[in-house]
Structures are given as structure tokens and as C-alpha cells.
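Here chain A shows up in two complexes: once beside chain B, once beside chain C.
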Partner chain A sequence: MNRKWKSIGFAAFAAALSLSASFAEAAGVLTIGRREDSTTFDPIKSAQNVDNWVFSNVFDVLIRVDKTGTKLEPGLAESWTISGDGLTYTFKIRDAKFSDGSPITAEDAAFSLLRIRDNKGSLWSDSYKIVETAEATDPKTLTVKLKTPSAPFLSTLALPNVSVLSKKAVEAGEDAFAELPTASSGAFIVKEWRRGDRVILEKNPNFWQADRVKLDGVEWISVPDDNTRMLNVQAGQLDTAIFVPFSRVEELKKDANLTVLTDTSTREDHLLINHEHGALAKKEVRQALDMALDKKAIVDTVTFGIGTVANSYIPKGSLYHYDANYQYPYDPAKAKAMLADAGASNLSLNYVVNAGNEVDEQIAVLLQQQLAKAGVIVNLQKVDPSQSWNMLIDGSYDISVMYWTNDILDPDQKTTFVLGHDTNMNYMTRYKNDKVKDLVAAARLELDPKKREALYVEIQKLAKDDVHWIDLYYSPYINVARKNVENFYQNPLGRFFLEDTVKN
Partner chain B sequence: MHRYRFVFLRPLQFLPVIFGISIITFILVRLIPGDPARVLLGTRATPTAIANIRAQFGLDEPIWLQYLYFLRNLANGEMGKSILYKIDVLKLIATRIEPTLALVVCSVLLSIAIAVPMASIAARNAGRGPDHAVRIISTFGIGFPPFWLGLMLIILFSVKLDLLPVSGYGATFGDKLSHLILPSLTIALSLSTVLTRSLRAAMIEGLKSDVATAARARGMPERIVFWRHVLPNSLVPTINLLAVNTGWLIGGTVVVESVFALPGMGQLLVRAIFSRDYMVVQGVAMVFACATVLVNFLADIATVAADPRVKL
Partner chain C sequence: MSARAVSLSHAGWRTFLGKRTMLVAGASILLFFILMAVFAPLIAPYDPILQDGSARLQAPSLPHPFGTDNFGRDILSRIIWGARIDLQIAFIGVVFPFVIGTIVGTVAGFFGGIVDAVFMRIVDIILAFPFLVLMLSIITILGPGLSSFYIAMALVGWVSYARLIRAQILVLKNNDYAVAAVSLGFGRMRIMFRHLLPNAIAGSIVFSMSDAVLVLLSGAAVSYLGLGVQPPVAEWGVMVAEGQSFITTAWWITLFPGLSIVCLAFGFSILGDALGELLGVHE
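Right after this comes the complex of A and B.
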């Protein structure tokens, strides 16, 4: 190689080294690594957590959920009153501005509420069908009339999907708004969206709580590979990363530069049982199955001890969770005897497993071993996650592990889905108990919190006794942050309180 | 100039090829079990909500009718709307082409930069120590899976040495280049081994050729013989080898883009497949297929231009 080439090679290498300095992020801008990029900025057109968690940085809601995830607090609605019959809600809209400087009015609020109900592209219209009318009775007063009284209605207003949008900005072009919203009501504005790569947010100086926001901006960066995402934080190229796999927690905790954060979530993993299939229709058989499972062993293995054993479909820490709910003891011998008594000694079950999901596949193997001790044969059928759902709907399964996370703090949403005897056949279990069905409907209408709580305790007891499904475990959100980041916090419903986060 | 007649005739064959690809991708993507509506709605996917989504995107129509709609869209230069992102597929793809294209180009250049010196050393020392050393290195290069190799490179260059970004893509030219070094190297380390072997064989042949012998007879130093006569001639089969490997290369970018979080078409395709975003899968598959056809066409032109003996 002659000298000319040598010097060119050296120059190129030096250039590469100097380039590498440019990836350091500006101070005051928090970088968050997540698995996937956003899909849209039109809040009514997504039901994905990746989107909702950004919506709540950019748009504010009428009523917010507090940090504990159990109480409502005023958002853009300063205060509200409910009529005696529970049908008319009157909200007083706060003096606040959109990021473009225009005032946030009751008309914008009415527009946003009716839009999520009526828009063809809305994925949430079912949740707001209960709204009869919503109108701005004056620029600062929103009056909403419901078709029937509903205890959970207020908490549905805290969903990021029903955020208050600027009527003017949306009507100027829905598709353009979904690409880059021109007006924000929340703590940050969307400055740029590099599709597939990152969403760049900037502090919104017109936010009504702008004093509270310490960050200059936020970047939500998509890093799909779990290993790469963790390496980014370890190398200091990202401030934080979310979706830390259970298996990585111990190792990351040893790194002196990092804090591993486990924030309570509402996630519950449970074992669905198809009540229409043979012996599974008998309550005693389902109880025996519950007793045959060593839930503690499952949690310790698959979540590395991070999760906790579940005892109710309403997760621990959520509103009306009944902590003293019954827990079937682990007793494979008794389970075997109960199965024999019920005439189901040679039970053989078809278990639909979500292929490719490490945790689900581990659970499947453990369940198979544990149930074998009670004489139950389990056939594992691994299918793609988007296919397994159709099999649940069609009823072509005996057991299957699925999960749920709450969107709203009120237990009604999950209760209706799981025990409401609705079109989805109680989360596809085909569970039937008319008493439970009536209690679910009554709890939705009961406006007195004390009486409501009693109803939900009753529902949790009955569901447990019937073994509508087998509660497996609750698990937290696991995030990791560099030591210089403070108050990086996610409430149980998933909302990141980035307005309080500090980067030193 | 009749040697170049194929340049005008070949594109006529593209139409049926692309038509065939459109049918195959259309049917294959719908044969995968699963449902985009379920992915869109998450655990709240009730049967009625799923039915609504299916109707909205025309997925409840018979499959042949859906295909006709797809063809009609194609004729209008459209590829339908993404179910997940709710925007036009072509528009979506346009935002993701650059990183993939840059990755492919950088990988190929880097592969050549690695393969040429390796093959030269091997060919000029055929059967001796350096030749064996190159062969052993090549075997390792083929043996390492790209996702593992990528992670090892990140740990070495980004975490331990702190020289290069871990992942992602930049905004400025220089920034992008520094983000492309490791992913390109990951692909180049395996692609270059294939090239090295083919180049080495062609070079050994070239060293024994009449041209080389004649040059030596004229008193030309061995170094000049190699650089002027052997190397250029051995590159011709390499061009074709590269073209044939386009499909493999695209497959490689899919994995590497995910490991390095490059916002390219490979990542788009992976997420589209998992969410059963049919329109996007079709669109990306079509673009990849057309790219492969086009690259092979260009390689043919290059071969004809480089070697006067070749007729197509």
C-alpha cells in the first residue's frame, strides 16, 4: 500500500472518530428508549400503549388520574358537578391555552368527546356510546348528558385517547394532525417525528402548568432489540429505557450508574379456562386445577421473583382490590382426589400458547409439569399471538395464558370485559353466573363509593369461588434510568409523569 | 451496439415478473394465520370491534376481490393504506427507504474493501500459509450469526471503547455515517467471505492466464501484472455474485436493522408482519422484489460493459 492510500485511510478513521462525538444529547432533553415507535398522533385512532404514553405528554385531559392510579384529580376541567339523577355532568373548563396560543374552550372539549364517539376511525367509540349529548353551554362550561347513569364515566374521561384537542387544528386537516399535531394542550409539543426512529418533543411554554415542567424536551427513541436498548443505557447514550426484561434486572442493578425502577402496574397474567369444554364446566374441576398450580413457583421462575402471586382479577393497588380474597392452596394430591370425585380423572387439556413469547412459553412448560402431578395431561399447542386470539374467540382451546392491563382506574372496564356476560363471552371463557352478571350491572350504576366497594368485593369472592379463570400473577413496569435522572415515574395506568422528571 | 439490445428488451420481461410477485406476496401474507384487527385493538378486541375494523379495511371481502382492489390501486400508483399507521403505504415506505439503501450501499462497499485485499493475499500465496489463514477467517465470518456479531461489535466499540453510537440513525450526513459503521461492518463481515472465495478463485485463474504470462514476458513487474490485468478481470464475476446475493443482503438488513434500531424498511417489514399489516407487507415485499430485479438488470449491463466478450 503506498503512502497516499495510507494517509487517506488514516484520515477516514480520524473522521469516523470525531463523528462519534455528535451522539451526545443536549442537556435538559430526556431520551427514553422503547421497543416500538409511535403509530399516530391522532389519539382516537390507536389503542396501543406506545402511543398512549406519548399522547399523555402532548395532550391534557379533562380529568386526570393521580400518581397512585387510584384517584381522579382536576385536569383541564377545574371542577364539575353531577345532577341528582346521575345523568347530567357540568364541567367548568380551566383558563388554559393550546400551544398555538389560542384558548382552550368548552367547545374544544365537546368536540373531542363527540369525535371519539362518532368518528369512523375511532377505536374507542364503544366506550363513549353512553354519551347522549355534549355541548358548550358557554365558552367555559361543558355540559354532558348521559343515556344512563354510569359510575365509571368520570374515569373514562382520563383516558389519553379522549384528550382535549383543538377543534380548529383538527378540522384544518385530520391526516396532517395525526402526522404532526399543530396544537397541544399538554406539557410538550411534538417538534418532529422521524418515523421508525424517534418522536421529538419540546416543552410547551403555553401549558397551564408550564412552571412544573423542568425538562426542555423529551425524545422517545425506538430501539426494538432488548439487548441493544439496555446497552444504550449502560453506555450512557440513552438516559432511560423502558420494557426491561425480567431476566436483565439483577445484572442492571449491579451497575452503579443505573437505577432500576419497578413501578406498580395493573398487569395481571391469568389462565383462561373454556367453561364450555367437557369437565371444565364443573366448578369442582376448575377448583382442582387451581389447587394443582404452584403459583409461587411460577412467579419466582418466570419473573425472577419480581412479580407477586395474584388473588383477584382486580389487581393489587387498584381501586376496590379485595386483599383478603380467598387463595386456593397448592395441594396436588387433593386436586387429584377432587378430579376423581368429579369424574374427571383422565383429564386431557389443550393449551394454546403464544409462540415466541419467552415468558408465556416458560409458563406453559411449568403448568404442564405441575398439572401432570395431579394426573392432568396438557397438550401444548404453540401458535402466533395474533392467531391465538381468534382461537379464543372461536372457543377452540381448553386453557390459555393471557393478560390484561387497565386503561382507566375504575374496575368497571375490566369487570365488564371479564365478568359482564357481554359479547366477548367473559374474556372468551364462556363463564356463566347470573348472580355475577347482575352484580356487575348494579356496580356500574351504584354511585355511592362505599356500596360500590361492597359490590366489587362480592363479585371478587364469587368469581374466585367459581374459578372463572385462574389468577396467576401481577407484575410491575420495569424501567431503567441513569443516576442523573430523577422522578422518572409511571403510574399504574402507565402514564409517565414527565412534567416532574429532572435530568441533572 | 447490438450487444446492448437487451437493455431495451429486458424491461418488457419485468412486467410479468412483477405481476407474479404481486400475486404471490398477496396470497402468502394472507395465508399467515392471525388478524390485524386483534393487533390493533389489543386485549380489548371484542368480536364486534374486530368485525368493524375488518369491514373498514375491506378485509371482510372475498380474497379475489381484495386482490382486484389491490391491482386497481397499483394501477393508480398506490398501495393502499396501512392498518397500523393509517397512512398511505407508499408514503410510509418513502420515509424508510434511505436508511436501508445507505446500509446496503455501505455494506457492499465495505465488503469489497475487505474482500479485495483478503483475496489478493490468498491468491498470490495460493496453497501457502496466508491462503489458509484467509480461509479460516472466512469460515468464522460465515459461522457467526449477524445478530450476535452485531451485539459483540456494539459491546466492543460502543460500550467498552465508547467510539461509536450504540444504535439508531442520525440527522446530519456525518451523524448518519457514524451510525452506519457498525451495522455495515456486521453485514460486510459475512458478505465479504463469500466475495473473497469467488475473487480468490478468479484471481488464481487470472494469474495463470495468457494475458498475465504475456505481460510478465514483456518484463512487467508482478505487482503491476496483478493490479492492471488480474484484479480488473476477476471483478467481473464478482459483480454478478453481488447481484445474485441481493436477496440475501436484503434479508440481512432486516436482522441488522432490528439489532441496530435503524429506522429502515427491514424494521418496517418486521413490525408489519407481526401486526399483520397486510398492505405494508405487500408494499415492502414489492419494493424489495423490484429492487432485486433492478439490481440484477444493472449488473447485467455492468458485466456487458466490463467484458466485451459477453453477449446477452
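Right after this comes the complex of A and C.
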């Protein structure tokens, strides 16, 4: 998923301050503080974590990702079979009801799958173009035919955006549904959405696992300022807060009323390199840059030792991560010599930095000094996040730091986006390697897990050798909860298991 | 910060301190910072942009009297070097609006009629926008950086000076000596800039002192928002912004540069007040 821009305006900040006094405290209602408010309740119309993390507790999916974020488990689909040619998938829908009491049928499932593929407003249609037909062969059986075999297909069904929606409720009015869904298939229903302020969820008594849900409700409250949000949890005005800044972890850990939770994520921060700009087209130059960077220092300074140095674009703990992948040693002297050999001893780079992003700015200041030791002059260009994204797309940059979090457990999505010569110029890097491109396509079709893993190992080695970008570090989700909250957990793909959360 | 015409001075200071004491105090504060800026390479104990991973987030101590930031940079050294940038901001940010505003105000006041109407409507248009909003829009168009800040300042800041001077000229041009100069057949340029302007300018000079405070704060605000001084250059506003995320754990990163801004602004403010008294300008 693309970078989630955080833009903290002064207005929002002021609004947050004035709000902080008015948090309602109700028994069994969990309050969660976050940076931004939701943008929609129509799952196909958002690609942002702020929305997806709420969707997954309001709508259920056919197939879920488990708590470890590495395995698929049955959701609304009780079981499924795959035909020998890998083209036909048959799902058995379990006995379950929407929150309005109507049964969840195969027809609703087929409708939801075709809608994300065909709807004009869908941001995800490309991912589901592989679906040839989806139909309800009987009220409890969904049959999906694919155009070509696809190894990652099942894992794409776990995406919150392809959740099973009530056909009746959506067809009654798409826009009204996006504001306030009238039927939920998940653990909670949306009771009220105060735009810019909070989303109020209430337990769904018709949820098929309703006895699993302990909370009466959940409130997602937006508190944009990091300092204010942390203070609210410390003062007990919020039960939990997400997006804890690295710099606050040590201090919060000392508070006896709080638990700091670091849950494994798939987040990887990396340095994008524009391969079309002069000397950066040479592999040796990019390798020299990789050697000039002291990633350990970044982990220590920026993440306060919480992150870990990255060695592959597939994050540690994810499917097919190659742990033995090569890691360029930190050696500024050798980097300088390599740059001289490549005829790039007077390299000067334009570094696009997101203004207002604390972590980005810190990395920039660090990298500038590190690269100076290898004789590379770095000009920092701080720009508004809305602008920097376009600058990356237009190619008006040399280097820039970005991050990525996986949406599905299969590595295909990120691999295609980053190395598969997709429409986005390999995530704006303009990296070109036809051998890698062919391997990415082959890995998508390979259904044997062993052979597939071998392909991904090969891809990771080649990408590292080419330095398509520079892997910097992996970091966990950092959340904070008061001691009376139990089982507040986020899996690596970001899903909160609020159906298991308890507030004592 | 939109009410730029409001002076920061308070009548209370005048009764509390004699005007001479105020003049000396204001000038001393200013001189202190100027000396600090000039001799920065000699007095700063460390390189202001040198990062030291082994000395991160250290509280004030003997080797680092003002502590260190999250990169292990010495705060004191950064404040000393930052004086160069902040004084430059206060100076350039005042000079261009002062010169432009004075010329426009003189011409508009002297000629009157259509010339006056055109210039004053432009002034009205610029004043119709909140000051900081207009500044930020211009800087966003030009791209972040100090030079953009100066250009934006020159484009927006001159209106206050133009209005001040114009009002003075309107009064002065009907004085006997001005009428006499006209009847003696002196050229318009000579009358405007040699006879009228020297008598009209005192108010602007006093205003420029309190304006320097506002420019300094605008510069800090713009840098705080990431549109002014670019890292790793040390500037007080940037330093405050960088320390924001550590405010509950490492207060010294924000406190000392913040205090520096306050001190310099205070110096300008009382100097302006004292000058006003001496030059006989009443508000």
C-alpha cells in the first residue's frame, strides 16, 4: 500500500486540543486514539490503512489471515476446493447473518467480488482482473473461475477491501452506505461517524462469532498530535493509542499504568534511487551508495534501537523472506574508491524529503552526513508530502526515503509493484532488469510452494545485487494500552483482533 | 502574526526604565548577538552540524552546557551559529520591505490622484489576506528556502511602510518649506527625497525595529513549517521544530533556541521604543 501521508495541520492540532477534554468513558467501550479519521465505509474506495484497519472489524472476509500473519484461515468461507488446473475455486459459505438479520449468501459474496473488479470507483480493480466469472451456484456455494492460474489469489481474498457486503444494502444506495453501512458482516456495526472526530462502533449481535466478542463497542478517535495522543492515554482519557513515536517508547514503558505493545509489522523503510539520473544508472555507483550508508546508525538514532536493519525488500517474518540475503558492509572508504572507479567521484544528489515528517527528516539529516564521508554531496529538498509524491512519479528526484506495508500475506503484490515492471516504473525507481521481470511473472504462476520459494530467493538476490533501492530498516507497529486492556493486538498485516480484546 | 501594524511596545516599559537605559539595554542585546554571530567560528565549542552518535540526547552538562540533540549535536554551538542566520533574516527581511515601501509611499503621497489610488488599492489587496497565509502561498510557489522567504517578505511586507510614509508625506507636502521648494522650481525628485523624506522617515525607522521582531518570528515560523532554512543548517526556529517530538523527554532541545528568539526579539523591541522616544515619534 502506498505511503500513508500524515499531514498534521495547525487547524487539526488546535481541534485536537479542544477535543481532548470530552472523551466519553463507558464500560466495555474501548477508545483508540489515532492520527487520522476514516475517509469512507465503502471498502473498495479506499487504499489507506486508517480505513482498512476499521473495515476489518466491521466487515468479514471469505478467507482471513491468522494472528501470525503468515497463514490463511476460514472466514465466511467454511471451506474451499481448487480444481486440478488451478482455474476453478469453489467456496462453501458458512451459515451466518448480516447485522440486519438477513442471511449471508453466496450471491452477496459473488456481488462483492465482482463489484471490486468492475465498479468505476474501485481502487483495487487491477488486483481482481484475473477473475473471469464469480457466481452463486447455489445459495451456499460460490464458484470463481480465473483467467490464468494464480498462486496469490486466495490471499487476495483476505484483503479487507474485498469484504463480503450485503448486496441489498449496497444497492439501496452506494453513497449512503459509504457514510453509514446499514448491514455489517463483521464483529461490529457502525453506530455513528462524526467526520474528522471519531467512528463509533457497537457490538454486532448477529455476527457469526458473536460470543467471541467481549467489548460492547469501540471508538476510533482521531488525535493528530503525537504528544497530545500519548498524554491522553497517560491521563486515562483514552484506553489505547496507536502510532506511538519511537522517541516516546522508553518513557511510556516507565509508566506503571501502561503497556507498550510492539507487534511485528511488514513495514520496510527504504531509500529510492532514480535509475534514470546520470551516474545512478550504473550498478557500481548504487552499490557504493549502499556501502556508504550506516544502517545500524539509522536504527539507533531514528528508531531508538527498536527497528532492525533490513536486508531484503520482503520483510523479515513475511512469507519467503530470505534471511541469508547479502548485506553490503558499511565501508565509506571503499564506497569512495568505487565511486571514483565508476567516474562518479563528484556525485551530487538531490534528496526529496517530506516536510513535517519527523522520521523522514531525521533520516535525511543522518544520510546527508554519512554520504558526505564517501564524498557525495546531498542537497536536501524539503517539500510538502502532497508535492513529493508527484515529484517521485515525475522522476524529479535522485534519492528519497519511502516505506511500504504489505496488504496481503503473499509477496506477489509488493514484488510486482517494486520489481515486476508494473505501470508505476517499479515504484518510481525506473529500475530495469528483464531477467527479474520474467522471474516475477513466473513466481506468480508457480503453484508448488517449494519451487516458488526458490524463485523468490533468486529474485531477492538479484535485486540486492542490482541495488534496485537501498533497504534501510524494518520496524514494528508500536501501540500503547492501559493496563486494564487485554489482547489489544495487531497482526503483521495491520488487522486489529478487537473481537478478542477485553477491557476490565 | 497577522496584525503587523500593532507595535509590540508597551507604555509600561517607558515609565519603568529611563529612555536612555532602554536604548543602551536594547543596543547591548543586539550587539551581543551580532558579536556572537561574527565570532561564531571562534567561540562555538563544537561544529554545529557534526553528529556524534555516542552523545545523543544528553542533558545540559559541563562539556555541553545546553545539552545535545537527538543526533548528538551540541545545542550551544548550534545556537551560536544560528545567530548568523537569524540576524540575517531580521536584517534582509526588513531592508527590502523598508526600501520598497518607502519609495512607493513617497511617490503615492507626493503625486496623489491616480498614482496614489492605484498603489493604495494594491496595498488594500495585500492587506486583505492574512499575512502568514499569503507568505506561505508565495513560498510554496517559489519552493522552500531562505531566498524564497526574503522574496515573499519583500512582496508582502512593504505595505506597512508604504502606508506609514504616505501618511507623513501627505501632511508634509503642504508645509511652508515644501510649498517654497515647489515655487523655487526644484525638481520633483529633489523635493520628494531631499526635502520631504528625511522628515517623514523617523516613524518608519522606529517601526522597522518592531517589524524586525515580527520578521524574526515569521522566519522562525516558516522554518518550523519546513519552508525556510533547510537542514542541517542551524536556525533557531528549525531547532525548536526538531525538538518538538522530544519535548517531554529532552526539554533543552527546544528551550534554549526558544529563549534565544525571545531575547533577540526583546532587544529589538525595547530598542525600537527608545528610538521612538528619542526621535519624538508618538504612537
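Convention: the second predicted complex is superposed on the first by the 480 of 504 C-alpha atoms of A that agree within 3 Å, B and C clash if a C-alpha of one lies under 4 Å from a C-alpha of the other, contacts with A are read in each partner's own complex, and residues count from 1 in each chain.
By definition in this document, a residue touches a chain if its C-beta (ideal position, glycine included) is under 8 Å from a C-beta of that chain, and two chains touch if they have at least 3 such contacts.
Quantities reported herein were computed from a predicted structural model and do not represent experimental measurements.
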First, second, both or neither for A:Y489, with chain B first and chain C second: neither
Contacts of A:D384 with chain B and chain C, given as first, second, both or neither: both
First (chain B), second (chain C), both or neither touched by A:Y330: neither
Partner chain(s) touched by A:N424 [first = chain B, second = chain C, both, neither]: first
Which of chain B and chain C A:P245 touches, first, second, both or neither: second
First, second, both or neither for A:N227, with chain B first and chain C second: both
Which superposed partner A:Q237 touches (first chain B, second chain C, both, neither): first
Partner chain(s) touched by A:A355 [first = chain B, second = chain C, both, neither]: second
Partner chain(s) touched by A:L123 [first = chain B, second = chain C, both, neither]: first
On chain A, positions contacted by chain B and by chain C: 227, 383-384
Chain B residues within the chain A interface of the complex: 32-36, 38-50, 53, 56, 84-87, 92, 95-96, 147, 151, 154-155, 158-159, 162-172, 174-175, 177-179, 181, 258-261, 263-264, 267-268, 270-271, 274-276
Residues of chain A touching chain C in the complex: 226-227, 230, 245, 247-248, 250-251, 297, 300-301, 355-356, 358, 361-362, 364-366, 368-369, 380-384
In the complex with chain B, residue positions of chain A that touch it: 15-17, 19-20, 22-23, 36-37, 39-40, 42, 45, 47-48, 120-121, 123, 126, 175, 178-179, 194-198, 221-225, 227-229, 231-232, 234-235, 237-238, 383-387, 389-390, 393, 402-405, 407, 417, 422-424
Contacting residues of chain C [partner chain A, same complex]: 49, 51, 53, 56, 70-71, 140, 143-144, 225-227, 230-232, 242, 244-249
